[in-house]
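Several structures are given next for inspection.
In the two complexes that follow, chain A is the common piece, with chain B as its partner first and chain C second.
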Partner chain A sequence: MNKNIKHLQKGHDVKKIEPRTYLWLLPAFALIFFFIILPSVETVFISLHKKQNTSVKSLKDAIIKAIERTGGVKPSGRSRLDKCGQYGPAIEEICSGLQLDPAAAGISGENTVQEAAEIIAAAAESGDGKKSAFAPVENYRETFSDPQTVVALKNNLLWIVLFTFATVAGGLVLAALFETVRWSAAARTLVFMPMALSFVAAGIIWAFIFDHNPAVGTVNALMKSAHAIIYGAGAAYEAKAFLADPQTVNYALIIAGIWMWTGFCVVIFTAALRAVPREIIEAAVIDGANPLQIFFHIKMPSIRPALMLVSTTMLINVLKIFDIVYSVTGGGPFGSSEVLATRMYRSAFIEGSYEQASAIAVVLLLATVPLAIINCRGGITAE
Partner chain B sequence: MKIKSYFNFKNYKILFLNLTVAAIAILWFIPTLALLISSFRNQNEIYSSGWWNFLIDSRSFTFDNYKSVILHKGIGTAFVNSLIITGPAVLLTVLLSAMAAFPLAFLKINGSRIIILTIVALQAVPIQITLIPVLKMLNSLGLGGSFPAVWLAHTAYGIPFSVYLLRNFFISVPFSLIEAAMIDGANRAHIFFKIVLPLSLPAIASLAIFQFLWVWNDLLVALAYLGGSENVAPLTVKMASMKGSLESGWHIMAASAFISMVLPLAIFLFFQRYFISGITAGAVKQ
Partner chain C sequence: MRFLTSIVMVLLILTISAVPAHCRINIIGTWGGVELDNFLKVCEASSVEVSFETTRDLDAIIETRAGGGNLPDAAIIPNPSKVRDLAKRGIIKPLAFLNKEEMINKYSKKWTDMGCFAGKIYCVFYKVTNKSLIWYNPGQFSALGLKAPVNWNELVSLSDKISSKGTPAWSIGADIGWPLTDWIENIIAKNYGGEFYQSWVDHDIAWTHADIKNAFNIWGQIVDKDRNLYGKRSGTLAETFQKASFAVFKQPPEAMMYCGADFMGGIISEGVSGLKPGINISFFAFPAAAESKTSPIVVGADAIVLFRQGAEAEKLVKFLTSAQAHKIWAGRGGFISHNKDVDLNVYPDELSKKSARMVCESDDIVFDASDMMPPAVGNRGGFWDACKRYLKNPQDLDKILEDMEKLAKQHY
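Entry: the complex of A and B
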């Protein structure tokens, strides 16, 4: 017997595994490691550390405070250090906090407080000192006491509730409904089609539908006609700026999201409903069950795995929701449509605060952990 | 007597169901249709009368929006950039995922269970958690703002899902074929390229379609790793910045959006079967 066969699956007892086998896995796992696993750990690390504030202004304030404490006089930025009594311990204290050598920094009594701050800042920038300190809660406290992040968190919750419920429930209802007509495949294709579009393109489509101008925006045009019917043709209609009004902007965006993702749910539910064994349904029909009873007592229990998969997929999607908010409103007006992912992007790449951005990213990651566990369980049972 | 049967309860019900489904399908299609029609109307028309007027009077039909978008607004460049980003990213993902799925499906290796669990768990990880360190790493490698940066990033982010999908397809390849080849002395590369890959073409097609749509439609990865530079920006980034700058009218945005949608829609409509078999593979036991 050929020795190759020993390494095959299906019951052969394997004593020795060729290390070469792992080479097949290597490229994929190297990429995963350097692009997902290691960066995740780094982000958690960043979020738990506070960058030392080495701006000249904050250092100046710190020196003034320290001299006031050790020397008893409150200097101003222009006071010379040797006029401030015991300045030595104060400078040493600040330098040691940044792990800098005060002698190497070259500060003498002839410098003013302002100059001392500039020298220390330059020394800290040049890279010898310690750049950050362990501070497990500070970034999180700062981030989540920021009113904009709080708004983003609330909006994410709104997305989670409305988007998940609408796509899952709507997908199930549509899947069952479509099966009652002969042209179900065509109907499904139309509902599924938005899945092929980018969120950016979908965002443009919906921004057009929700346009402020009743001659352009379909929703405003419909509301204008309805208004004319109710109040008479002469009554003035006040157009609604759905995407520029903090009261409506989130709902408008969520509608666009639902439009995109319901098709995914419909497709999975259709496949699951079709996999329900025909004999069971026929038996129930013979026993006199009506269609609703069949749906709730026979079909629903047997599509439970699909229901779980669709729900977790939608939850994972909605937690990461970014593109549509970024491209349609950019989080506006006045940050009222911001979600955690857009807030994180803004913190990191516009405000330049990596610590706060990392804290938000870690919160997003933690929110997906239970979903990952559910997925893993599903993954095992599918084996 | 015969006429009466047309109006009995059952027919009403069927009519009602058909109308409901039709209403939903139309409702779903209207937003796309509205923008599609507007992309063929000139600017004045769009701003003076609703798109539905075009259904009655289509004299104002024009290709001018598409012309000006491609020639003057940089959408042509962005389209090419999208192609340059998507092609290698899809090829690389398919190749590396297939290589990784191969031993996981056929060869007995230590820890394959843990590897598969890791892959499933990583599918849920939000990309956001990786953005800052990966950007730093790419910059330190001198790859920041370059196409290889997004090729590698898209491949890495696509691998957890792709390996899982392919492995689930691979295990349905008849094992006796592989056994027979092994007895004939074929090595693993042979088995991989000559047996496993050809037999799993439908799975590979569905994976390629997924990855194509995911990369083509991506905004975040391109935005973060390519930066805002016009020379490398794909369609999504370009369109988002056009939308944000508010300088472009609806005639420009509509035409741009449809140029970005042509390729994914065509692929989706032609290969819908593979796409659907891909997303239902994990969900429903056949």
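Entry: the complex of A and C
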């Protein structure tokens, strides 16, 4: 089957492929369709629509105002309708505004203003009342003008710059160095090890490492001993709460992310470096090139496809970063470590706004598509 | 032919196994461990077969399963705001088989009303938490000649007295914000009364209201001083609420008081060994404001809601409203009942009994505001973070309240 795919990609011998081959690919296409394409289309669709949200609070305020106007008394939310004088016209006015039948809503004088608002809201949201109108920009505008999403966007940019640079550069340097040491396999395994952990587990490990209590937190313990050496054992050390301080929390999380992903980069780069033909390097050595020159002028150009692949993979990775942030800080303190993926989760499941969450999802999707294309094409040319 | 027979056989087996032998009802909730064991014992007594699915992400699970049309029969939900939201959207069903008058008699009008939406009962509260408590070590207090305060001013002077001797008076864990919201809720309820509290919850008054601002400043009388707090303000913001509570009961103590709900008793006893209720662990009521006549207490509660009506589900909900259902769990510990027919002697320990007495005897209760407000306002990103921001920088109060008001306008 693998052979056939290669044929497909290279574009020759297409005629030779029998229809049966496509049959084998059908399950894969079906999976892709039902679990990737269909939900994506639906997400885009949701993000372009605005669901009618009937706020009980604003209905209540509207009823109070209407009764005050038609009946002359200003009721409170807890006063019974029959104690408010002429409440009928006010209710009718509100209902007709929402295209509801006031009689069908079943509001009686025994209901309080609050209850009437709740009845109308429930009626407006049930059955035919549940309208969603086409609103192409609303959700996007609302989401990206929300200060919390703006913070998430900024944090994502910080992640993109620091995380991608550190993992790719760090991975390359380590891979190059590991080529020259004796226990390179062991060293590589050690660096790769974090990849074997579940991200949530790794997140919890880092939550401990950054704990503000020196008896628990490794970083604070190290800083405390350093402090004792510099200022003497008696000097009081003030523990730093890395994860509770908005100024340090993002860097702390990014460090955790780098720790997890550098191993992956190292492994890919090592494989790529191994594939660089010995003869070229030997020829360069004979020509008198020093190791640095060999690295920059021979090895780097040879592993360019791998470099592209790793960079784009890391970029996609960082765009959808979620696990570390969610498990370590949950986006806190005060939303200062929120990233787009956690903000999306909170929009949908805590704040109950699927529309705004979809808008974020679409933006993330659009950001990853070009990278994914570069990634795939890079992979093919490498072959 | 054999092929056909085998297919028919398989289909037959599938249909038989799809029809359950018993009518079992599925419930989803956050209860796990001992809590779940106790609840299942209660279900057993009602002779309704229950399978319980425990999740830490209740809201997300309910939303996705509602979207997929795959809801269980019932859920145990800790926040009334979610109940109201689900009721408004028609996702949960009214409990029409319950008589409102009867419920008011058994519990109280307040408790019954809190479970209502659009005049209909939508949920039944079962398992109450008393959030107006301050935990302390009575042995330590008497050794130092300290007495539990009866009003807020006494509490403030007690804090100063303790802290001036070197040990911080308070340990507050605020890495997540909700333990802090209990403070503000208590201060607002006790200073300005239940009526005002409710209009604050309903957003009938603005967050920028002078009294709300004042409530934060009253809290500031305690938390605005670094020496009052174990770990100072920066440490407080990084500490978990569990570890913070242990600090009060360690030997030697690292702080003297901890403000937290009654369920903290169980958490503290697990974290610190050798504690004897009444001897070296106890609580006093969150003190009333000096000049106020009433002193409402802040409570939280779990509530059962139905996504689907059915005879078995109805039977279970009815049973959960009975005093018997409350007695079973109350007797097993870790449960406070608001049912007036539950004899206080069923509680296995002094502290639960004391907390239950407070809940039953007070006719003035208010429900935890952070659970009553729309989640975007009441939880993380909203009220939780507002309290944390105040703790970090009290002078930012105006900006914090303005932000809260903006958020509330968006989400109510």
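In this text, the second predicted complex is superposed on the first by the 283 of 383 C-alpha atoms of A that agree within 3 Å, B and C clash if a C-alpha of one lies under 4 Å from a C-alpha of the other, contacts with A are read in each partner's own complex, and residues count from 1 in each chain.
Please note the rule applied: contacts are C-beta pairs under 8 Å (C-beta built on N, C-alpha and C of every residue); 3 or more make two chains touch, one makes a residue touch a chain.
On a predicted model such as this, the values are computed, not experimentally measured, just so you know.
S.K.: Give the label of whichever partner, chain B or chain C, reaches more residues of chain A.
M.R.: Counting contacted residues of chain A, the larger count belongs to B.
S.K.: A:68 contacts which: chain B (first), chain C (second), both, neither?
M.R.: neither
S.K.: Touch check for A:241: first (chain B), second (chain C), both, or neither?
M.R.: After superposing on A, A:241 lies in contact with chain C but is clear of chain B.
S.K.: In the superposed arrangement, does A:29 touch chain B (first), chain C (second), both or neither?
M.R.: First partner only.
S.K.: Quick check for you: in the superposed arrangement, does A:351 touch first (chain B), second (chain C), both or neither?
M.R.: Touch partner of A:351: chain C, not chain B.
S.K.: When the two structures are overlaid on chain A, which partner does A:196 contact: first (chain B), second (chain C), both, or neither?
M.R.: first
S.K.: Name the contact category of A:330: first (chain B only), second (chain C only), both, or neither.
M.R.: both
S.K.: Counting only touches as set out at the top, which of chain B and chain C does A:264 meet: first, second, both, neither?
M.R.: In the superposed model, A:264 contacts chain B only, not chain C.
S.K.: Just checking: does A:115 make contact with chain B only, chain C only, both, or neither of them? Give me first, second, both or neither.
M.R.: A:115 contacts chain C only, not chain B.
S.K.: Can you pull the chain A residues that chain B and chain C both touch?
M.R.: Comparing the two interfaces on chain A, one with chain B and one with chain C, the shared residues are 211, 330, 345, 348-349.
S.K.: Going by the contact rule at the top, pick out the chain B residues touching chain A in the complex.
M.R.: Residues of chain B touching chain A: 17-18, 20-22, 24-25, 28-32, 34-35, 38, 46-52, 96-97, 99-100, 102-104, 106-110, 115-117, 120-134, 137, 152-153, 155-157, 159-160, 163-164, 168, 175, 178-179, 182-183, 185, 188, 213, 216-220, 223-224, 235-236, 239-240, 243-244, 250, 253-254, 256-257, 260-261, 264-265, 267-269, 272, 276, 279-280, 282-286.
S.K.: Which of the residues in chain C end up touching chain A in this complex?
M.R.: Interface residues on the chain C side: 57, 59-60, 63-64, 84-85, 87-90, 116-119, 175-177, 199, 202-204, 231, 234-235, 237-239, 374-376, 379-381, 385, 388-389, 411-412.
S.K.: Once bound in the complex, which stretches of chain A touch chain C?
M.R.: Touch list, chain A to chain C: 54-58, 77, 110-112, 115, 118-119, 121-122, 125-126, 148, 211-212, 238-239, 241, 243-245, 330-335, 345-346, 348-352.
S.K.: Quick one: which bits of chain A touch chain B in the complex? Just the residue numbers, please.
M.R.: 2, 4-5, 7-10, 12, 14, 17, 21-22, 24-25, 27-29, 31-32, 34-40, 42-44, 46, 174, 177-178, 180-181, 183-184, 186-187, 189-201, 203-209, 211, 213-216, 218, 221, 259, 264, 267-268, 271-272, 275, 305-306, 309-310, 312, 316, 319-320, 322-323, 326-328, 330, 341, 344-345, 348-349, 354, 357-358, 360-362, 364-365, 368-369, 371-373, 375-376, 379-380, 382
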